[in-house]
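There are two complexes below, and they share chain A, which is joined by chain B in the first and by chain C in the second.
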Partner chain A sequence: MNRLISILYWVSLGAVLSFITLPLIVVVAASLSPTSAVTLQPWEWTGRWYADLWSSRWLDPFLASFRIATVVAAISGVLGLFAAYAVVYERIPGSDGLMSYLLSPLSVPQIVKGVAIVLFLSMIGLQGFLGTPALIAAHVVLALPFVTRMVATSLANFDANLDRAAQILGANKLQRIRLVVLPMIKPGVLSGVTFAFIISFNNIPLSVFLVRPGDSTLPITVINYLEYSLDPVLAAVNVASMAFILTVIFLFEKIGGFSAQLHGGSK
Partner chain B sequence: MKSLALDLHPPARRRHPPQWFPIAALTPSLLVLSVFFALPMGMMIGMSFAQTETLSPTLEHYQRFFTDGLSLAGFCRTALMSLLVAISVTVLGYPVAYFLARSTTRWRAVVFALALAPELAGVVLRTYGWLIILEDRGFINDLLLHLGLITSPLPLSKNLFAVVVGLTHVVLPFGILSLMTSIQGIDPNLERAAQMLGASRLAVIRTIVLPLSVPGIVSSMLIAFTMSASAYATPALLGGAGFKVLATMIYEQVLFYIDWPFASVMAMALLLMMLAISFVGVRYESRRRSRASVSSGGER
Partner chain C sequence: MNALDIELVSVSKSYASMAVVRDIDLAIPQGEFVSILGPSGCGKTTTLNMIAGFTAPSRGDIRIKGRSQVRVPPERRNIGLVFQNYALFPHMTVTENVAFGLKMKGVRREEAAATVKSALRSVHLEGMGERYPRELSGGQQQRVALARAIAPRPSVLLLDEPLSNLDLKLREAMRIELKEIQQQLGMTFVYVTHDQEEAMAMSDRVVVMWQGAIAQQGQPADLYREPNSRFVADFIGKSNILAVQTTATGQAHLELRVGEGVILKARNTEPSAEVRYCSIRPESIAVLPPGAGGDEFANRLDGTVRRVVNLGAAFEIDADLGSDVHLHVLLRATRASVPPKLGDSIRLGIDDADIQALSA
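For the complex of A and B:
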């Protein structure tokens, strides 16, 4: 009986892990498949779908997504850092209420935020704002609460005695912020910025309302195409964009992001 | 009082940010959220009560939501789909979470990476993978036709089944993480003690691990439910016209019918469903906390 249970356990573990990896393997295989129909002949490979990516059809939306995500990461990084500083470090009056207000967008589904923003823009006659400007504004609303929360967590978690020690040793407030607080919360800020970049780059539920022809993001271009065809070039786009995201994470990690935060958290 | 104390410092050392600085630091965030979140949300709520032509107050759109049949059906489909995903995420995630919580071998890192890797791949890539697998001319139907087990393709896509499979895959890492955290909190000595006292593996799981991990099961189901109910891309691609949920119906109302009031009502329905579920979660958590503090206080 015990044996049966443990066999069942290992089988279920294996089955779930295959369920998780199966679609990823299938997409990578499809991106290398020679025919336009994705069939069961994985023993022939071709790289031509990846070569097809180097055209304005895919480069333009990629660059648009990249631009938007960079601006969103920068804006929400700076705003989130300042907001968390004011609320957590300075403890300005009413900080609890202000924090709930800053985090309130998290409890609203993205598709609802999307409807609200597009409704707002069309009511005040700013349809011309659709495309990149509206995408940036909406993605900042989406990313800012996450960044604020991550920075606030690292501000609340770092050892306040370090700050007090610096104060006793005669550092003024600007020096303490520059030399003690900022280096201590750097991992939190960097992972917030990385996260903002990724959720903007991959976003669908907000972007779907705000793009316009000729000014669209990569995921929206892909899903619009997917509704008509399962073209293997889409598999290549997806694999390339995942590789890009992994590179971004790796770069931020190099600057001192997540693992530093993990080590900091485990102390 | 505070400013008086500051004034006692010699002027040369007084390089503090001025008093207004924190407020100035907070203002841009508050402005951005007010203009692009609070104000639009207020407009949307107002719009759901507005008469289409004259914008005078009315409940007609809510009335339409409950009486036109289609909308309420979409609401129920969304709830059913989210419930099925919540159950399958929790059932599938449990063995992986248990392994991650208890294993000390080097395989733990491998399984951890495998379980969480899909999260980095983005929703489109995974949904595309499931489309290739489940389509009429997809991987599974192709295989079964080749083997001669079926003569016509099984209807695996553009229905509830496909959406539940796709969403389960999207949400599973989050379910695994919350189950894992909960199982890690169970003292492994309890399992060892039960085993030494002669309990079978099944009895250990049924009488110790499962009951003690109920908070993890609840939070995994809540996360899965809310993530599924608000998902857009997966139901749009794997469900399509064959299986419409609130998220895809809202999209249609906005972009095809350009019916602002009715789109707002549907968005309100989705928002209220989410808030109700989060409320249940908060209530459960606070009751559990208070019970836990009472019982641990009694033991001491």
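For the complex of A and C:
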């Protein structure tokens, strides 16, 4: 019986993992394909599509996405921190309602949000904001619920006695926030910021309404390119941006020292 | 008389219409070890939080060294506090934890380092400074919490059930150590606990709280010998508490009737109040040898042994005196003694001074 359960466990685990990874493997294989058709012949693989990436056609959108995602991560990190602080830590009046409001963007489909933002901007005569400023604003709206939620969770898990201990030892409010609260919730803030960065960097449904021709983000450039041609350079773009995102996650983990914070072992 | 360190003047605290602390008056002299003792929900933790400043009293005044503290926030009260769950900063080393209060006070770095060292020495944690709290055992964390609280030299140290998360052996060792540290520092300790043994073992004075008010306060021995209510008699140590009726009142003595026919002679300690109960400590009851008179005892009672429990150092005997009156007797085990057996007849002797008459 136990044996059967164990076999079922490994089989289902394998199925789930391959379900997740197989598409990625296909993309990686496609990016190495020797012809413009996607083939699976490992002995003829080539890296020449990756060389094509080093051109302004792909580099410019990448840098645009990177810039936007960085600003979005910073802004939504700060705003989310403030919001969660007010709602969870200070328990300002109407906290529960405020939290629901802060999370409400999650319930609106991104396409609807995109259309709404375009209509709103043209209604108040700010079409000039389309492009980078509008993208940043829209992505912040999109990312803020995630950041707020993550910071709120780590604040809720914060032991209020630590705050009291610091207070009775003579720390005023600012000192307590700086020396005790912030270090304790740092992992939550950093994962929120990482999320915001990835949400912004990968976004299509919102961005598609807000980019300006010639000033496009990476995912939108990929979509546009796809409309006219399907060749392995797209696969190469995707593999490269995937590697980039993984690097970002890895770096934030390092800075956050998540494992050192949460589990045993010294820094 | 020493200067008063802490004064509570008719302090009350209510939440909505619930009175949690009712009209507490308490004066704690400099250098005293005071325990606030009571069952959970008696208001002792609320009282502690009001002294620390985390909770504002609804009425009354709290003074530290003569100055009213009601409008002073906790960070400016110069009080130390040891938490039940220690509340060590997990992202700081032991040294950083202990130095925190000194840093907040703006103590110079070299001076702070020396103070941290001596604080760690006084709790026997030399050489542990570079570790993180999670790398320490519960007892060691407890010591760090203590060192952190005493390092800035507060005028008063509050301790909120600091030993309750430790195992029994360690708890007993820490009792002695805490008392020693307190005496070395000459610091006023206010120790909140629900464990009467702990309170008795360490305190100069015990304040028993019940239902938000002070039931009784005094030196541990006095509380034990002369409880003023059933609650205190029962909460501190073990006691036989009997409902009684006064059958005769003399200047110095009372005659109390228990149940149908058992008559006890007691000293009249509360001449004004109506006596309704009495408390007799099990170890103050003597088991008289069969046949012997026991004339030195004011009370001689005959009964039957209903149960004998061997506690090792003593035997706990349940003696049935008839008409539904039972007494628990603690008989010290000696090499020669033969404990009475179930069903044996037994004669008990109780000194009149050992019967504490109670009005409530």
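Here is the rule we use: the second predicted complex is superposed on the first by the 234 of 267 C-alpha atoms of A that agree within 3 Å, B and C clash if a C-alpha of one lies under 4 Å from a C-alpha of the other, contacts with A are read in each partner's own complex, and residues count from 1 in each chain.
The definition used in the following text is that a residue touches a chain if its C-beta (ideal position, glycine included) is under 8 Å from a C-beta of that chain, and two chains touch if they have at least 3 such contacts.
The shown structure was predicted, so the numbers you read here are calculated from the model rather than taken from an experiment.
Of the two partner chains, neither chain B nor chain C is touched by A:S56. By the touch criterion stated above, A:P109 is placed in contact with chain B alone, chain C being left untouched. By the document's definition of touching, of the two partners only chain C reaches A:P183; chain B does not.
Once the two complexes are laid over each other on the shared chain, residue contacts for A:A166 go to chain C alone; chain B is not touched. Of the two partners chain B and chain C, more residues of chain A are touched by B.
The intersection of chain A residues touching chain B with those touching chain C, taken from the two complexes, comprises 170, 172, 175. Chain A makes touch with chain C in their complex at residues 159, 161-162, 164-172, 175, 179-180, 183-184, 261, 264, 266. Taken together, the chain A residues at the contact with chain B in this complex read 1-2, 5-6, 9, 12-13, 16-17, 19-24, 26-27, 30, 37-40, 79-80, 82-83, 85-87, 90, 92, 98, 101-102, 104-105, 107-113, 115-120, 122-123, 137-138, 140-141, 144, 148, 170, 172-175, 202, 204-205, 208-209, 219, 222-223, 226-227, 230, 234-235, 238-239, 241-242, 245-246, 249.
Partner chain A is touched in their complex by these residues of chain C: 52-54, 73-81, 83, 85, 87-91, 100-101, 104-105, 131-132, 134-135, 148-149, 152. Residues 13-17, 22-23, 25-26, 28-30, 32-33, 36-41, 43-44, 47, 92-93, 95-96, 98-99, 111, 114-115, 117-118, 120-133, 135, 137-139, 142-143, 146, 169, 172, 200-202, 205, 226, 229-233, 236-237, 240, 247, 250-251, 254-255, 260, 263-264, 267, 270-271, 274-275, 278 of chain B are the ones that touch chain A when the two sit in their complex.
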